[in-house]
Each structure stands twice: as structure tokens, then as C-alpha cells.
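Residue numbering begins at 1 within each chain, and the chains themselves are lettered A, B, C, D and E in the order written.
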């Protein structure tokens, strides 16, 4: 066993996890700021400069809150729920290529935890576990609102997972690979996939919103009908996990969309700058990060702009529109590719 | 191929027809037309066969004269079933078109079972046959007995699917192929995995065809399911299971070294099936349950064909499938007209409804294997095949004794109808039903007098 | 062609009869049996002139090698004659009776006639088997529908017994078929098989049990007395007069030529069983008070003798048994007719309640006496020549066996005469005083029987000639 | 046979998944530690009222775990069915270019069946929520 | 890793499934045990596929295709099975198979 390899991977993993958590924390700040701007308010501004220390205060508060587990609940599952949600959120990032190869002391270090040839399937697999976190939490609480919310959540997430999976087929048709690294590398040497797959991207985007339970699809937590939904009974860091997991998921889906459709860590002209490879890699990471931030902003922008869907509308959109659309997209893509061959 | 495609498509079409057509009679006629189409399409394919058989799906399906013949028998039996019992579908529930569609899906599974040449196809065939049956068994949603039948059937059925798959996998592990023809080549030296696999396959298939000691689900399921579907499950479906059984063993596991492993097991299973089926049928109080046990007993006879594995056996299974299906479908059609399913419910039927009684008598004769009915030659062929096999004379004698026992419970119905007095409650039926009943009687007798009608194609 | 006609006439008329109403069935039944009788007489003449013309071979199930192969040899002609006479007699006797659901009754009777003729004419084992069963089923229905109090269990027992037996026979046939070089069921193929002794020995039992049940011989007889007792008398006549002969016929036609060595091996066992049957049945017959049961046991005894004679394996016994088949048929039908008449008049079966009928119905009594004497094989009656031949055959085989069997004759005399004595002589009572003497149709039937009895008793040569060819054939193979 | 070993001869080895295991360990560690830590950090002043389920301030009525509307269940089943159909698209998509038009038409048929089932369930009203 | 490990693991899983089916009384648990059996088979098929591929059989991927089909059929079975269980539950408010003995008499 190569110890250096393990150390290197552990460092990368800690980096990625820290990044995810950090981004998630500051997303809460970002969310409130965006909301403030859109609603013409100031937003958080007391803790630190422009309220930048607000997320830390919030996190600390969650740590020191009293932990309440209702007597009627299923204790083990009650704790398991948020743990699963968090765990799943932390696991998705493993196959996303954060950048190209860094060369340190003669070692080639890829900025990707694991480059496996079924990267996309891995993501799907892990993401579909996410629904258990919500289901377990909702059911274990033994609260009518929570239960309803969790059932809703499950129903919604699995419905949109279909369209999500279908929308990617068209993309895979011309990448011919399930490895995210390959997909990004292909875009590095050609056009970004968004050019070929505008429809696919839109479907993916909508489904990503639904998967993350983001407005306009945030029915599971619909605070004004379900009192907060599946995490109604949660407090302290368990609640924090649910909230964090949601933001991490947002972050990862942004990264995924950036990688799949917007070239990932590549940016136009990156191979003709003539800079040192390590520098190019770092620039690439920065480029990816900018794309991710733009997506995150988009998530928030939508949240404060579009009202929540009704449940039947949500389901009809998912089943009756997204799925056929994805199929049509797939067939058209296939026909065009074959016709041009 | 034609038969497979047309039945599968018919199923899909019928599902959609159910969405747009509300008239249940029309749906029935439509379904009958679709079976006819499948029947003709199936026969048309016989003309296109070159060199005895043709292959499809990358060689995973083989269409031969024999498979076409068996398909024709199955489709013919289904046609008869639709015509005789089609109206009963309406009494089960609202979704008539769906029931028909499910029957078509089962048929397409059977079409697959007649011609598979890859274990994958065997698995698919068995599953396509099984899954719709779980639904049909439970189609009477409000009836607890139907619910229970469905659940029981489902649990048992999927359990045996698991066993079947394990068997296939072990065989694959030992041989590296799913192709049943290639499997036969590797019989020189036997890997222990192969033997284990064959045993598991036998158990699983015995489950599916309800052979003892894996039969215990059958009476409950047959009893609990809506009678109209029991009729189909006990006949066409069972025959379909047997053809899969026969084909697999016929192609893959013949030969001295390998058959010496499974032959004793299968022989014991057959013997147990015959004994249990017949002895238990004797004690039943309901005709429907009696028929369920009798179907187990009949399975024992069909197993003889599987064990014998020779030319006569293949002819025999065709004849048996035809004879048994037609007679049982007819018997169930009569049963459904009689409101009370106990033996007492048949008391005095001959006076009140001579035609129903006559039809039931002929069908029961056929089931019992009386000469001049189709059942006789069916039994004759399987017995003959087993005698020919050489090592199984004891089983043949046992089968014969069981056949004599079977007379007892079949004749209980006849005795009730003819020799006892009573006021049987009978549902009204149309002249068309009458005509069909007579036609069925004629088929049974025709096959019994002149089985060459069917055998000349085998 | 005549052979096919023999089968077709009852078959077709039988099927037609089901649809008739009123007196149609009985008229048609009578016409049909008259026509059959005419045809069989025609066949008799053709057998003298051109016996080959009675054979017909047509394809039936080519895949199996089964053919529609029918023909008549001497024994078969004789048995067909017996069958047709028997049915005619039955129809004549019951012409004035009215049966509930008469159309079914006559239809089933005619169907069973067709089956019986088929059994006697089939030269193809598969065909033989089919007719064998076909003859059984209508009889089953007849017994169960028109029989006595306990008819259902009793006839069912009868049915299951015979059916089980015939299934074993079927296995035997299948085995033989599989051994045949040309995959055929034909008689000639079967007789030329020359199987190893070992196989013949168990094949013998497969086939023999079926025949033994039908005859019936001890210990396969338990169905018989009950069935005879419970059946309607016309059916009992057919059962005892003709159907019993199916078993004997089967042994002579199929068992002996096909598995000769098997038969040779087991001959003693079969004979001992038969002889036990004779004594056993005779003893029981002596103590019977029920007239129907008495005749039933007497039939077992007679058949036992015939069966023993078959296995004695020589010309006399074979000849004897064949003509005895005919004669026993005629005699026992005669007895049953008398019983039927008494029962119809008095509605009793217990002999102790009878007596003195001779005073009130003299003609009936005369006929009964003659028939009874024929039954105990007095010289100058038809029974004599057959029994004589059989005993001489048995004597050649084994003296002691003959001796024991001969005891049967004495016992037969005891119970038959005892019956006659109880029924027609002795003290009359109020009931028997009401006995009405024979009426026209009954008179015709009984006269016919007595005519045959006396004619064949005096001049048995035509019968012997008729069966000679079969005897030769069997002897050659055996 | 129409398959070849290409599917099997890919470069990924079980070892490629090792980093994922590492990440799993790390994530489990993080979640576990945090959970335990917060359990001890927070104050514990439990009262029976506090531990009752929240139902908008009124007393709890009955158990929450009652069967929910069958519609949700139906959705779940439909998801299972359609999701396995979707799975079939993946190997096809990856090998799409090699399979060419033949593969395309085969897949077209598959899509037709997919849509057949889809239209059927929609027409049957399986996804109707407003009743 | 040697293929034997996979075989032992699969057989063990399979046996657990079989035992569960035979011994448990809750329909859902039985159902899950059946799924366990199927998945044990899947695992074994993949292991065998790899084994035969290493041994040089060019069609060894067929076993993996088989796994696909098993999954599909299992999904169909799940759909039907769950529907049946729900139906039974709605009528009897129980999924214990012991109470399902109305048909016995």
C-alpha cells in the first residue's frame, strides 16, 4: 500500500468536505443577502463585516441548542435520519473533478477523489439514497405533518429522478462515457455541452431543483402548510444537518451541472495561455468555482422569484412534461448524431 | 416469433382498448379476434421455416415445427377459453380489458417457453407467465380469499423464481454458457455445481408446475382465485410450464451420465405428485378444489413425459396439453354455470340441464382418461413414453393405479349429476354457449377417436 | 363390411335413440337388434364361404401404428351371435315394461352392444382396448341409474375394479407395442413377438388381471354378486350373459397367443384360482336365499370352470370352453328372464317367500325347469357338451384338479335344483298365488331360449365347426 | 453472440473505489463525531410537555403512522417500473455510436413501449392528484 | 480476489434469504428475503461473468446482461408484490401470513 497515496487522498477528501461545508455555510449567508437584495432590504449585517460571521454564529447556536427527541418517536431512526441525509450529501462529491492534475514533487495529483468509469451512475446511486434521510426523519418523528412531508418528498424526488436520469441519456450518447473526468476533458477540447444539449440542460436544471427540494419545489418543507415539514420535530445539530445537507446538495448539483454542461474546470483558451500546468490547474479550479457560484446564485434568485408549485402541478410537470420531453430530446439527439456520422 | 409478437402486441393493444371502449362485450369479441389473429399468424410461420427451424433474437429463440404446433394448441385452447368463459370476466371486476391483456401476456410468455434456447429466455418466459397470474389471482380485490390466494401465489412464485435463478447461475458457473444446446455438450464430466444447479432447477420448475412436494400452494390459490382465472391457470398456464420443463431437459440434460443424476429425483417427484394429487382429491368437498387437486394429479402424468424424454413424450405432451386444457376449460365453464361448487350442488343436474351434465361427463371422462375421449390418448402417450424409457415401469404402474383412483373423484361429480336427485341452481346461459359446449364436446371426442388430427403435425 | 355393420348398427341406432320419445326407443331397439341379428347371421354364412371378406383394415392413427382392424373368426362370430341374440331377447322380454327415461335406457343398452361387438371383432390391440372400455361405460350408467337401493356404491365398485384392471392391461399393451418391431398393435404382430419368458411372465399378470376381473374369477370377484343383485335385470342379463365372456374371450384371443409361455408358466396358478372360485362360489350359492345372488354365484362357478379349462391347454378343453361360452350365455339369460318375470310379478327376491308358482304359472315353471337343467349340464341340453369337453380336457391336464372341479358340478346341481324346488314347488302363499303366467313377448323370448338349448343339446355340431378354426389357431401358438 | 468483452475490460479496478471508501470513512466520522458532540454540548431540561409531538399547539390526536393516500404508493411503484426501464438506456447510450441505426431503431421500439406504458398509466389516471 | 469468495458470499446471502422466507411470518420481510435471494444471484452472476471473462470466454458479458434482466423482472415483481401486500393490508390490516388461512377449510 502506498501511504503517500492515502495521505494525498485524505488531504483531498478533507479539502473537499471542508469546501462543501464552507460553501454550505456561506450559502445560508448568501441566501439571506440575495433575498435582502431582491426584497430591497439589508440582510444580515451585525455579526462581522456585512454579517460575514453570521453563519458561524448560526452554526454555534445549533451546536449548543437543547436536543429534543419526542417520546413518541422512534429514537434510533430519529437520529439516523439526519445522519443519512448528511452522509449522502458528503458522499456525492467523491467523483466530481475539481480540477486537472497538480504536479507536486513529481507526483501527479488529480484533483478528483475517485475517477471511476461509472461516475454518473455513482452519483445517481448516492443521490437516490438521500430520500431515505427525509423518509426516516419524517416517519421517525411520528408527527402527522412530518409524515406527510416525508411522503411528499419521497414521491417528488423519485418522480424527478426519472426525468433526471432520462435527460442525461442524450448527453451520454455523444460523450460515450459515464466518467465525469472524460466528459469534462471532452469539453476542454471542444465546445461546451450546453451548446449541443440546451433542452437536456433545462430538464436537468429543473430536476436538480426538485431533487434538492428547492423552491419552487420545496413542498416537503412548505412552512405555511406543514409547519416546516419533515424536520418539524428536529432541533439542535440534527436540524442543522438537514439544512446543511440541503445546501451541500445544492452545491454539488451546481458542480455537476457545471461539469456536465459548462465545461467543468475548463475555460476557453486554457490550453493556449502558455502558463505552467499547475497554474492552469488552479485557474481551472477557480473557473469551476465561479461557475458553481453563479449556479448557486441562480438557485437563490429563483427561490425569491418564483412561488411554490401546488402538489398536483409539481407531479404533472414531472411526469407529463419532463419525462416525455427528455425522451424526445434523447431521440432527436440520437437521430442527429447518427445522421451526421 | 409471429405468435410471440402478436400475443405481446395484442396485450398492449387490449390495455389501450380498455381505455377507450366501455362495452365489455365488444372487448371480449376484440380479444377473441386477437387470439384468432395470433393463431393464424402462428400457423403462417410454419410455411416459412427453412430446415426445420428458424432462430430469432440472436439465437436465443428457436421456432420449430414443434413449437408452432404447441403454440397453436395453446392459442386454440385460449380461444376456446375466451369463447366459453369470456363473459365471466365481467363478473370479476371492472377492468375487463386488462384481464384480457394479462391473459395475452401470459400467452406471450408461453410462446417464449415453447421456443427458448437460452436460459435467459427460460427465465423471462417463466416470469412473464407468472407475474400476470399473481394479478389475476388477486383480481377480485374485495374478496379476502382472492387476496390471500394472490399473496400466497406471489410469495411462493417469487421464492421459486429465486431458486430457479440460483440454479441457472450455478449451471452457468460450471459451464460458462446460457445456451441450452451448448449446455448439452458439456455433459462429459459433471461439475458439482451443475448437479446442484440442475437440482435447484428441478425444484423451481416443480414449484411452477405444482408438482409435489412443492404443490402446497396450488389448491389454495386455485380455490381462492376467481374461478374464471383458475380455469386458465390450471390449464394453459400449466401446460406452458411443462413445455418449458420438457424443452430444457430434452435439449440440455439428456444423456446417460447426466440423466442418472436427475432421473431418480424427478421420478420420485412424479410419484409423489401422482399419489398426493389423487389421494387428496378424493377427500375434497368442493368441485373447484377437487379440480385443483386433480390438476396436481394431472401434473404428475405430464411429469412422466418430462422424465421419459423421447419422441413419444413430446407427442404426448402436445396431446396431453390439448386434451387436458380443453377438458378442464370446458369443465370450468360448466362449473361456473353451477352456483354451488360443492358436490351436492351438482345433484340432479342431468335432469335439469341435460346438456351441461352431458358436457361435464364427457370432460370428466377425458380427464379420467376414458377411451374415445381426448384424455385417453393423452394418458396413453405419456404412459407409453415412460414405458419406452425402460427404467420406470414401477412409476407407470403407480400412475395407472392413480388413474384408477382418479376415477373415483371424477365420477363423484357424474354420480351427483345423474344418479342423485336435487335442485341445482344454474345460471342462465345463451344458445351460443350451448353451441360452444357442443363444439367442445366434439373436439374432445374427435381427439379421442382420431388423435391423428393433432399428431400428424408433431 | 358386415363386421363394420355389426358395430355400426347398434352404435348409430343407440345415438339416435337418445333423441327419441314415447315408444320410439323400444321400437327402435327391437328393430336394431333384429337387424343386428340378421347381419350376424349373414356373417355366419359369409364365414362359411369367404371368411376373409369379414376382415377390414383401415388406417386409424398412423402416428401410433394403430389401425382400424376388425374381423371375425369362428369364436368371434359365435360370440357376436350370442350378443345379438342376448340383446334381442332382452328387448323382447322388456318390451312391455316401461322405463323411466326410456330413451337413455335403450340408447345406453345399444351403445354397450356396440362396445361388446367391437371387443369381439377387434384385431388391433388399441382398438380392442377402446371397445373394452366403451362396453363398460354404458353398463355403468345403466346400473347406476336404474339399479336397486344400493346401486351407486355397488356399481361404482364394479366400475373401479374393471377400470383399474383394464388400465393394467393398457400398460401391458403399451409394453407389447413397444416391443413390436414395426410399431403396430395388430394381432398378427403381437402374436409373433416371441418375447423372453421373463417378460412374458409379468406381462401375463398385467393382462390377466384385467380379464380375471371381468370374468370374474376368485379373488377378483367381489364386485360381482352385489352388482348383479343391484343392477336392473336387463342389464344383469347382459352382464352375466355376454360381458363375462369378454374376459374369457380376451384370454383366448389375446392372452394365450401373445404370451404363451407366460400363460404356460402361470397356468397352474390360474387354474387353482379358478377351481377355488368354483368351490367357493358354489358353496356360497347353496346358502343364498336371494335368487339374484344365487344366480350370480352360480355364474362365478361356471366361469371358474371355463377359466380353468382354458389353461388346461388342450384341444378338447378349448373347444369346450368356446361352445360353453355361448351356451352359458343362453342359459343364464334364460334364468335371468325368469327371475325378471317373477320379480316383475311379485317384486320379491327372497326365495323363502316364493313357492308353489308351478300351480299358478305352469308355463313359466316348465321353462324354468328346462333352463335349470341346462344350467347343471344335463345331457341333451346344450350345457352338457361344453362341460363334457372341458372336463375331459381338464382330466388330461390333471386328474385331481378335474376331480375338485367336478365337485362343482354336483354342487351346481344341488343349488340349482334347490332353487327350482323353492321357487316353483312347495307350498304356495298368498303372494305367489297372484302370479300371472307368461305373456306373449315373454313367451317368445323363453321359447327361443329353450329352442336353442334343446337344439344345441341334441345337435352341437354346427357350434363345434364354428369354433374349430379358432381352437386350431390358439393351439398352434400355445 | 452479440456481446464482447469490451464491457468487462474497462480500466477501472476495485482499487479505483478505494478513495470512495476513504471518503465514506471520513464522512461517517464527521457525522458521528458531530452527533455525539452536540448530544453532550446542549443543555438538558426536558419536560413531558416538551417531548410531545407538535401539532400546532393542540393535543396530539391519535397516532401519526396511519396509511397515507394510495396515490403516493402508486407513484413509488411506477417509479420502480420506469426507473428500470431508464436503466436500460444507459448501456445503450454508452454504446450508442457503435450500434448505429439498427440500435437506434431497436431503442425506438423500446421507447415506443415505454411511452405505451406511460400513456396507459396517465390515461388510467394513475397520476391524477386532483380528486 | 478469488472467485470463491464471491461464491461463498452469494451462497451465504442466498441461504439467509431462503431461511428468511421459510421462517419469517411477515409478508414484507419474506418479500425482502426473496429480494435478497435475487440479489445474491446477481452478485454471483457478475462474479461468474468475470471469472469466465478471465478464462477467455468472449461472451462472458452475457451474464451481466442476465443481471439486468433479473433486475427488471424483480422490479416488475416488486410492483406487483407490493400492490398485493397493500391490497391485503387494506382488507385485513395485517401482513402476517399466519392469519391467511381462510382457504384451508
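Here is the rule we use: a residue touches a chain if its C-beta (ideal position, glycine included) is under 8 Å from a C-beta of that chain, and two chains touch if they have at least 3 such contacts.
Every value quoted in this text rests on a predicted model; they were computed, and no experiment measured them.
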**Report entry** Touching groups left behind when chain D is ignored (all other chains fixed)
**Finding:** A | B, C, E
Query - Fewest hops from chain A to chain C - one hop per pair of touching chains - result: 3
Query raised in the report: In terms of CA centroid distance, which chain is the most far removed from chain D?
Result: C
Report summary line: Min distance from chain CA centroid to global CA centroid: chain B
Query raised in the report: Counting only C-alpha atoms to place each centre, which chain is farthest from chain A?
Result: C
Report summary line: Highest contact count belongs to chain pair A-D
**Report entry** Whole-Å separation of chain centres (CA-atom averages), chain C against chain D
**Finding:** 81
Report summary line: Cα centroid separation, chain B vs chain E, in Å, comes to 26
Query raised in the report: Between chain A and chain D, what's the gap in Å when you average each chain's C-alpha atoms?
Result: 15
Query raised in the report: CA centre of chain B versus CA centre of chain D: separation in Å?
Result: 39
Query - Sites on chain E at which at least two other chains make contact - result: 59-60, 62, 65, 76, 83
Query raised in the report: If you look at chain D, which of its residues touch at least two other chains?
Result: 1, 76, 83
**Report entry** Touching pairs - complete list by chain label
**Finding:** A-D, B-C, B-D, B-E, D-E
Query raised in the report: Taking the complex as given, what residues does chain A use to touch chain D?
Result: 6, 9-10, 12-14, 16-17, 62-73, 79, 83, 86-87, 90-91, 93-95, 113-118, 121-122, 139, 141-148, 151-152, 154-155, 158-159, 161-162, 165-166, 169-170, 172-174, 176-178, 227, 232-233, 236-238, 241, 311-312, 315-316, 319-320, 323-324, 327, 330-331, 334-335, 337-338, 341
Query - Residue numbers on chain D that touch chain B, as the complex places them - result: 1-2, 113, 116, 119-120, 123-124
Query raised in the report: Across the complex, what residues on chain D touch chain E?
Result: 1, 3-9, 14, 67, 70, 73, 76-78, 80-81, 83-85, 87-88, 91
Query - Residue numbers on chain B that touch chain E, as the complex places them - result: 120, 123-124, 127, 131, 134-135, 138, 141-142, 144-145, 147-152, 154-155, 158-159, 161-163, 165-166, 168-169, 172-173, 176-178, 219-220, 223-224
Requested in this report: Enumerate the contact residues on chain C facing chain B in the complex.
Outcome: 60-64, 129-130, 132-134, 137, 141, 144-145, 151-152, 156, 159-160, 163-164, 167-168, 170-171, 174-175, 177-178
